[in-house]
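For reference, the structures are reproduced in the following blocks.
The two complexes that follow have chain A in common; it is paired with chain B in the first and with chain C in the second.
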Partner chain A sequence: MKLANKSLLYLSVSLFVIIGLWSVVFYFNIQYEIKESVDEGLENYKRQIIYRAEKDPSILDKTNFEEGFFAFKPLSAKEALHFKDRYLDTFMYMQDADDTELELEPVRMLTTAFESNGRFYQLKIINSMVEEDDLVGELLEEALALYFILMASIILINNVVLQRVWKPFYSFLHQLKKYRIGHTEEFPTVNTHTKEFVALQKAVHTLLEQNNKTYEQQKKFIGNASHELQTPLAIMTNKLELLLENSSLQPNQAESIAEIMQLVDRLVRLNKSLLLLSKIENKQFLNNQTVSVNEIVRQNLSDLEELAEYKNITISVIENTELTFFMDHAMANIIIGNLIRNALFHNVTNGNISITLYENQLEIRNSGKPEALLSEKIFSRFYKSEPNSAGIGLGLAIIKAICELYAISIEYHFEKQQHLFRLRFK
Partner chain B sequence: MKRLILLSALSLYFLSNALYAQDVPQSQVPSVVVNVFQQNFQKAYDIEWEMDGDRYKIAFETGILGNDHEAWYTSTGKLVKHVEEISKSDLPASVLKNIQTTYNGYQIDDIEKITEGLTVTYKMELESFTQDWKIVCNSNGKTIRKIAD
Partner chain C sequence: MKILVIEDEKELQQNIVDSLTKEHFVIETASDFRTASEKLDLYQYDCILLDIMLPQGNGLTLLEELKKQGKAGNVIIISAKDSLDDKLKGLELGADDYLTKPFHLAELTARVKAVLRRNLLDGKNTLEISNLILDLNERTLLINNENVPLNRKEFAILKYFLLNQNRLVTKTALAEHVWGDHIDQSDNFDFIYYQIKNLRKKLQLAAAALEIEAIYGIGYKLVAT
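Our next item is the complex of A and B:
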């Protein structure tokens, strides 16, 4: 959930509660106010009616509400003297403008007692009240309208203000996402004076500086180490070959030396791979040209023909299109060659390999172990799915490094009992 | 401690108020009395009802200047006494003349018109540098009572 939406959620909930509570309070206040003012009106009517009764006693004969909003009733002195003013909420049959016939309408009634010419009377005065359900309905509508207006304006303000405020952050995040250690030259920058963002930038810069330093040291170390190992390894191989040519050796001694030679050979290969990796990472291959992927595939297949025949593996190539890419030829050869070689080595006897070329895409499928490889680990250095295999565990790491250099995406899938490597050339 | 004193003073004030003044809200006064009062004094405001023995005492004000009034009603709604604060110019000319001749050189102050049934009397303070008097006179200006102040 985005930050803006999160704060919006909290706001909407709390506003809903606040406005809800406020409407309740407001409803009772309004009701109280209305009653207050109706009562005041009734009191004024009372004075006027008593005043009129003094002048014109004939109105004292009105004993029901049929003609007006007041009615008299004679009272005994005893009753009258104990009578106190009463305000009452009640209902009466009346016809409103919006009614077709008489309906029970809420009224406020004042009952009082007074003396006129020595006789006591009770006086009832009515005034129509606001219908409560009307008031509630009206208030509910108003409160909802207020809520939606508030929410709409908050969303608007949120979108404008928060987006503006957080813009440097998102731009910074975007730069950071694209940042690759050892590749991107410039550090991500945040174009603002906002304290928090500036602090974030500082922290990120410190972190990146340390990482870059470590990365450089590591790169140098691997490069130097593998370079320095080259010569001793070459001398070792030479000396062993000379020793083996010496015929005075016992057969079992010769066998031991052959084994040592094999191990040395493996060391040489490992060293070469490491050297290659560090060269790739140092971008020492920049002889870029338009390379035909189809051609490289064909070339590699003809090189590996014998091995495929030996394991009796059928290889099918479907060339849907002529796929070309702008990169170093040797690098392209390493990627495709390694992938095809992997497909052969990790295959089963009588297995199959199918290579498909699409526009911008190369797929290599092969039969093999009937279970998926760990896709998150296979591209890391020295990872081997079979610990005892003759491989050195750098093939896929090299492929990955080259792919990263040229922004080629590489995926591994296990589909229909087949291992699938897919390269996307962008 | 200060707060305690203030609190006890306040509570004492309210308690004594309740005990002696016996303020009553208008809604507790019989309708007949209220209605008679309202007919008698239509322009009264700031009305305060009190029980004074078995009578209802009403303190109220009238006019823009807020002249003070006090009225006493029986429980059957008979006006028995009405005290009204008036100014010098409201005094009947004959009364004023009589007083000015009798008490020459005195300043007239705090005039009250007292109506009890049909008899009207005036109560006022007379001040000079040497002597202050409180007098009550009848509607002709004749002094009924005279107290040194």
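Our next item is the complex of A and C:
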């Protein structure tokens, strides 16, 4: 849920409660005010009626409300003397302008007592009141109208004002989403003086700086470590080579040395691969030039001719186009050479390889194991499809790293019992 | 043949000296920039192995000096730094070759001999052993003066063996030399075995007076019989 909508939700609920409570209070206030004003009117009527009764005693005979809004009733002196003015809410049958027949309507009734020509009377005066349900209905309508107008204005303000206020934030977020450690040069910036956003920017920058530093250190560490390993490995290899040439060795000693040498060889290869990976990541190779993919394919096939013959593998090349790409020649050779070698080494005797060059695309298909490789794993470092192989599991990881460096997409498919690697040069 | 080994890593220097001594070369060593500079000023060498990272200075400075004297042609740079910049700069300054640590002794021997041959070239460019002549220009093999056809890889393998007579040539060194630097080199080993088998057969048929011996499953050695 968007922040603006969330605040809107809270606002709508709280405004509903506030306006609801306010309406109730308002209702009672209004009712009180109306009664007060009606009571004042009744008091005024009272004085007028008593005054009229002095002049025209005949009206004293009116004992019910048949044609007027007042009625008299004789009282004893004792009763009259103890009488106090009373205001009362009651109901009476009346016909209002909006009624078709008599209906019970709310009225306000003043009951009082007075003396006229030595006789005591009780006087009842009525005044029709606002119908309560009408009042409630009206008020409810008004309150709801107010509520909706408020909400509409808030939404409008939200959309206009909040969007403007949050704009730097969203732009910042967009930059942050696109940010890639080690690739993006500039830090995301927030284009505002809003304190919170500036603080956010500061925090993000600190975090990114730390991450970049760690990333750089890690990159350097792998590079430095494998670089430092080269000399000791060189000494080991050469010492073992010299040792094996020593004729005074017993055969079983020599065999042990040979085994150690094989392990050292593996270490050397592993180290070389790590160094290569680190170089690719540090972009230390980039002697970019226009490279002919056709040329590299041809060169590699020529190098591997005898090997293909040995395994009796048929290689077909379809060059639909002259495919060139702007990159480092050695890197291009690593990708293509290793893919072709893989296609050869992981092939079966009497198998086949077909290499097809399209515009911006190179496909290498080969027969081999009858099941698909795990396409999500083969490009990860140190993954081996055959755990016991003497390989080091970095070949495809290196290819992938180079592809990423040059934004070449690489994919693996298993189609019609053929392993397919496809490179797209964009 | 006099060779100067400029390498600050004592152990590595000793390995190189031991290995090249077996080839009956005269070896001198220098472990730092100053010693190297002095020796280069005083003596003539047929081949110089030069490490780039040296105490007190950069090997490339020495190379620049040699270039000025017109003696850069017999330099092989040895460096742990496989950086393209250094390589290009070194070769630009006239160095003959560039070898990255770690390397195989067989590869070093082959490269040193290549440098020496190039500088002593007297028209013919052949490797000869007992009744066998490998012509590097014509790319032909003569055994008892009869032509023995070889495919490209067989030729390369035999050449490598002849440059490393009586020395251990490991399968890895051979694979790297003949098939280039592949990430998973071990894949090549079956094929090496097969190629060696074919080569042996051809040598035997032509009655070559030499043999390729297998060494403890790790490599081979070419010996004259």
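Methods note: the second predicted complex is superposed on the first by the 218 of 426 C-alpha atoms of A that agree within 3 Å, B and C clash if a C-alpha of one lies under 4 Å from a C-alpha of the other, contacts with A are read in each partner's own complex, and residues count from 1 in each chain.
By our rule, a residue touches a chain if its C-beta (ideal position, glycine included) is under 8 Å from a C-beta of that chain, and two chains touch if they have at least 3 such contacts.
Computed from a prediction, not measured in an experiment: that's the story for all the values here.
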Original post:
Once the shared chain is lined up, is A:303 touching chain B (first), chain C (second), both, or neither of them?
Top reply: second
**OP:** Mind working out whether A:80 is in touch with chain B, chain C, both or neither, as first, second, both or neither?
**Re:** first
Subject >> Touched partner set for A:287, first chain B, second chain C, both or neither >> reply: second
Original post:
Is A:244 contacted by the first partner chain B, the second partner chain C, both or neither?
Top reply: second
Original post:
After superposition on the shared chain, which partner residues are touched by A:261: those of chain B (first), chain C (second), both, or neither?
Top reply: second
Original post:
Touching A:275 in the superposition: chain B (first), chain C (second), both, neither?
Top reply: second
Original post:
Is A:114 touching the first partner chain B, the second partner chain C, both, or neither of them?
Top reply: first
Subject >> Residues of chain A touched, compared between chain B and chain C (which is higher) >> reply: C
Subject >> Footprint of chain A on chain C - complex, ascending >> reply: 9, 11-12, 15-16, 18-19, 22, 80-84, 101-106, 151-153, 167-168, 170, 172, 179-188, 191, 194-195, 215-219
Subject >> chain B residues within the chain A interface of the complex >> reply: 26-32, 34-36, 38-39, 42, 75-77
Original post:
Across the complex, what residues on chain A touch chain B?
Top reply: 46-47, 50-51, 54, 77, 80-85, 112-115, 120
**OP:** Flag every residue of chain A that touches chain C in the complex, lowest number first.
**Re:** 227, 230-231, 233-239, 241-242, 244-245, 251, 254-255, 257-258, 261-262, 265-266, 268-269, 272-273, 275, 279, 284-285, 287, 303-307, 310, 330, 334, 337-338, 341, 345, 389-392, 394-395, 398
